[in-house]
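Pasting a structure below so you can have a look.
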Amino acid sequence: MTAASEKESRVSDQFEPRLIGFLCRWCSYNGADLAGTSRMKYPPNLVPIKTNCSGRVDPTHIMKALAEGADGVLIAGCHPGDCHYINGNYRTAGRFPLMHKLLEQLGLEPGRVRLEWVSAAEGDKFARVVTEFTEEIRALGPLGWRTQTDVDPAKPGTAASDRVEEAVPA
Amino acid sequence: MKYLYFPGCSAEATGKAYDISTRAMMEKLGVELVELDDWNCCGATSYFSVRELDSFAIAARNLAIAQEMGDDEVCVICNACYTTLAKTNRYMAEDPRIFEAVNGALGAVGRSYDGKVKVRHIVDILVNDIGLEAVTERVSRRLTGLRVAPYYGCQFSRPMGSFDDVQLPTTMDRLFEAMGADVITDFDAKTDCCGGMMMLTREDAALRLCHELLTAARQYKADVLVAACPLCEMNLEGYQPRVNKTYGTDFNIPVMYFTQLAGLALGADPKQLAMEKQVVSCDPVLAAIPA
Amino acid sequence: MAMPSGEKIKICQQCGTCTGSCPTSYLMDYGPREVIAAFRAGMIDKVVKSNTIWLCTSCYYCTVRCPAGIKITDLMYELKRMAIKYDLTPKTSRNPAMTKIFVDSVRKHGRNHEVELMAKFMLTKDWSLPFKFWQLGLKLFTAGRMPLTATNIRGREELEKISAYLEAQEANAQ
Amino acid sequence: MAEEKIGVYICHCGTNIAGTVDVEEVTRWAAEQPNVAIAREYKYMCSDPGQDLIKQDIKENGITRAVVAACSPTMHEPTFRKAAGDGGLNPYLLQMANIREHCSWVTIDHDAATEKAKRILGAQIHRLPLNVPLQPIEVPVNPNVMVVGGGIAGIEAALKLAATGKKVYLVERDPSIGGHMAMFDKTFPTLDCAACILTPKMSAAGKEPNIEMLAYSEVTQVDGYVGNFKVKVKKKARFIDTDKCTGCALCTEACVVRKVPSEFDMGLSKRAAAYIPFPQAVPLRATIDPTRCLTLTGKKCKQPCVAACGPEAIDFEQKDEELELEVGAIIMATGFQLWDPTPETRYSYGKLDNVISSLEFERISNASGPTGGHIVCKNGEAPKSVAILHCVGSRDDNHQEFCSRVCCMYSLKFAHLIKEHLPETEVYECYIDMRTYGKGYEEFYKRLMNESVHFIRGRAAEVSAVALSPEEQGELVVKVEDTLLGITRRLPVDMVILSSGLAPRADAKATSQIFGFGCSSNGFFLERHPKLEPVSTVTDGIFIAGCCQYPKDIPDTVAQAGAAAAGALALVDNATVKVEPTISYIDPEKCSGCHICVGLCPHAAIQYNAEKDAAEVIEAACKGCGVCVAACGSGVPQQRGYLDEQIFAEIEGALVV
């Protein structure tokens, strides 16, 4: 996204999605750092949260984010074969379709949760992904679960998190 | 097998033999060619020089007609037509603004084009669709011992490179090797420029390029140069006497449309292949290969 | 339409692969490399007026070899369009006339009638040509490679409408 | 949770952050957040006074948690956690909020950047109260080091480490160490002979008791972690008992298979199936090529080699060996491969005789090479004219985008060698830019100008064999624009040298995956930090040196090898090393013993305990990926430092604004 177009997107009062990004510490977090050191520009909508491995990201984290008011969630990990933990990212990849199924059951556009492989050398890719993702979610519009949901998926035992656990691959 | 066929303007004049030999060759291969209805000039290089969108739009008219005729492929025999039409496809796909504009223009004449018609060079079809086995099976007059210099010219795989390498095409090499010819695979000038339209506007420049090409052909001891483009053929063959006149050379190198030589190998009669239309006689070639 | 690969022009390293590969650069006022240099120096007018663009044979060697991925051939077309639009074609060069005659022939018949093309071009540009070419012309004629009558396609007016439409579009855009 | 007093420290980083983020505003906002007792801003938090702020607040103002909003934690987390520790706070009660790399540097609009900074910071403020004190796990360090790759980089690193008394395993894929440098004739710009300066180091490495040389061997698997790597090495069968072999080369002379292209001579000479790659090989032992030896390929052979071998060293029954080695640190020095010019078809490499690659010329000009150092064409005659084409495959978006740094200089070296051997020969250098950045390099360039080499500023367009004039008959013709003249020239020459760039090894990616670190987008090994940690990788304990990281000349390679050795030494010279305590634990009471996590753990760090009917984590083996935590249906396994509630809290905090 060019400087100009980002400026526009800021000054105009269009919908600004709130995004959470779970970044694996070894590849994607460093990729995001590289985007920074290379002074690449991308929309400010996504707040990164560091985990050691994308395999650590758990459906409840996504549910929590959406329930707390996020309009979309990005999970970014090492490319297949590059995982610092041999195959943690394969676990993520394996789990991802089930996450999508779950989200569909909850009547949510699958596009709101996205999985990407971003290596430590791919600052440009990180910037591109965040830019695309922001625009896609902007197009989808607000999710607004925060106001809707009375249940807090974070607290075990509540309806939401029960649903979550059913969907976790056994 | 059946293909929509776009002959191109030259096929009606200087390149008549290309059209005739193409039809004859395809008949020998049992492939039916259906001429594109009311096709128009691809626009060539000149149209690009006037308004880019014009050239895309009039090229697209042909593809729109192909689409209307319910086919998703069209066979092209001229390098320039091939590149112009294929380039139109590519640019329409790459740039939505071009896609819009072209369809706007076609809309003005009650047509539309979805960009999905594949533009196929006849060499591509011969080698990659019909296949070398099928072709060789039907060879009745092997080109044994004939030193063939395949001349691809510019716009055969440049810049599209969709079915052959942009820098070093080899499809025709493989075709004529399959037909038993002694192909000059390392023919160094195979993708050099013949001067194209320049022959009329800057004859000196074009003749110089043809002279270089013919020199190369002689250096590589070619019995015949085969071309896949009417313009290349016209410049190298038709203007050979003028090259000789200008450079004091004595070239007398047969230059044939690849369809003529392939047709010959497939058992077509020289007459069917309009070989008598050549300015430089092909008799040495006929003499060189066992009947 | 934006300048073809205008962005890429910035990363040209002036290596000269284009000019070195160009079959006609030896005749050009400015080789392709210099054309790009002129672009970056904001001296487009120099190259638009030059004979360079009219000597491009569209062989695409420069385009496929450029280490910066600049579509130089398309750039040449763009410059030709500029030159014609602003009537900056060099008087010495015959190509602009040829281009015009070609396009007219196609507009008229729907296809390019080579004989008419040659004839017109010779008459408008170079009286000597018919004499230079009579031998070849005769050969081609007798070989039936120079039909005197042009094929007129049914959709001739379609081409005119198409051009008219795009002309109008362009006008509106400005 | 108990009342926590959080101290917030927001760094300006000069204008790096403050230039975009309204630091005052963020500070004001932070002060109002739950549990925040103090919010400060400071120009450079990483400076001593900056760190002192934290220490003081802990001591004097009873801060119980701290968050530093500044650069990336990969940059300064250790700095600030140490500061917290010095102040008397458990280091793991300090978090960093990355508002530079992830915010100020990537955002244009100031308001937007300020908002984002609040969210990033908010996440950490919310998490902090849930942080629990952790103690880094202290593990013993194996003092041995493995060096992978026996080129000049590997040799240098191994010698340096051995000199400190450390045991070094030097693993080399080929039958001999030496790498590319051993193939060179002279080295630029000083022109001292490569062999003269390399072979002493090679034999030193061979003799060094602290170096266990594993030539003709490859690493197949790497397990473990910093200080405690377990490496599987395949020692390929030489079919020679290296204890008995004396390197006399009689088997080589006896061998009947004589037409094998010599790898060392770039195929310009032939070797036997039983061979020693070059006279100065270390170890000086024969190898029998299993792909060419008649006996080993199941064909008939009288085996004259066996008869010729006095010490009876030949053993056709020999099998590959697999060694399992334990080391504390690993140095990667796997080098480069020359970019293969074949795809650049317009230069006719492999199609026209006497169009050769730079490495081929190195061998031709080398006194111990296939031509005995005589610079000759294929027909044995000395070339009367030579063109050297720069940037082959380099600085080209169609091939390698980058500059290989050494080609300009080695091309100048070639020109000099030609002029030295054949003063009458015309030499043309076709270049885009002449890059002579090193010590004494520009002077060397001047010297070559004085030796009347023709410098043509232009990248060659093509090499052709078509002669358009009498003087071009039988010559190679280089077509190039002399961009300084604006004229396209046709240079008829007898020999064309293609100065190819340096490329990553074809298996660089696979190698990096075996060892568990990444590659840069250009395919070379990725360093931890381009400036401050050029010889480290993201994996603690694994270092890189030489051209496997990026093309570089010999001085830079040797310097980097030294740096890598120092890095490894600084690690293995300690009895123990502290590793992150962010590993998993399982509460046996809660665990239902369903085994899911057991199967999923990438490091087999979870085992099922039958009597407790619960899974349990083997702390030493757990690397802290957290896969088990995410996989467990009932959320029993938890990961220290990444507890679910901590992550939840970060999410909440990130979304409050």
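For this structure, a couple of remarks:
Labels for the chains are A, B, C and D, by order of writing; each one numbers its residues from 1.
The working rule: contacts are C-beta pairs under 8 Å (C-beta built on N, C-alpha and C of every residue); 3 or more make two chains touch, one makes a residue touch a chain.
A quick note: this is a predicted structure, and the numbers were derived from the prediction, not measured.
Between B-D and B-C, more C-beta contact pairs join the chains of B-C.
Chain centres defined as mean CA positions place D nearest to the mean of all protein CA atoms. Per-chain CA centroids place chain B at a distance of 50 Å from chain D. Centres computed as Cα averages put chain B at a distance of 20 Å from chain C.
Taking the mean of the C-alpha atoms as each chain's centre, chain A and chain D sit 31 Å apart. Here the CA centre of chain C is 51 Å from the CA centre of chain D. Residue positions of chain B touching 2 or more other chains: 167.
Of all residues in chain D, those touching 2 or more other chains are 346, listed in ascending order. Taken residue by residue, chain A touches two or more other chains at no position, since every residue touches fewer. By the touch criterion given at the top, residues 1, 23-24, 27, 54-55, 57-61, 63-65, 71, 73, 77-78, 80-81, 84, 93-95, 98-99, 102-103, 106, 110-115, 118, 121, 129, 132, 135-136, 139-140, 143-147, 151, 153-155, 158-159, 161-167, 169-170 of chain C touch chain B in their complex. Against chain D, the residues of chain B that register as touching in their complex are 165, 167-168, 186, 188-189, 212, 215-216, 219. Residue ranges of chain D in contact with chain A, taken from their complex: 72-74, 98, 100-103, 105-109, 111-113, 115-116, 119-120, 123, 512-513, 516, 518-521, 526, 538-539, 582, 596, 600, 602-603, 623-627, 629-631, 633-635, 639, 642, 644-645, 647-648, 650-652, 654-655. Across the complex, chain D meets chain B through its residues 345-346, 348, 351, 464-468. Touching chain C in their complex are the following residues of chain D: 346, 391, 395-398, 432-433, 457-462, 479-483, 486-488.
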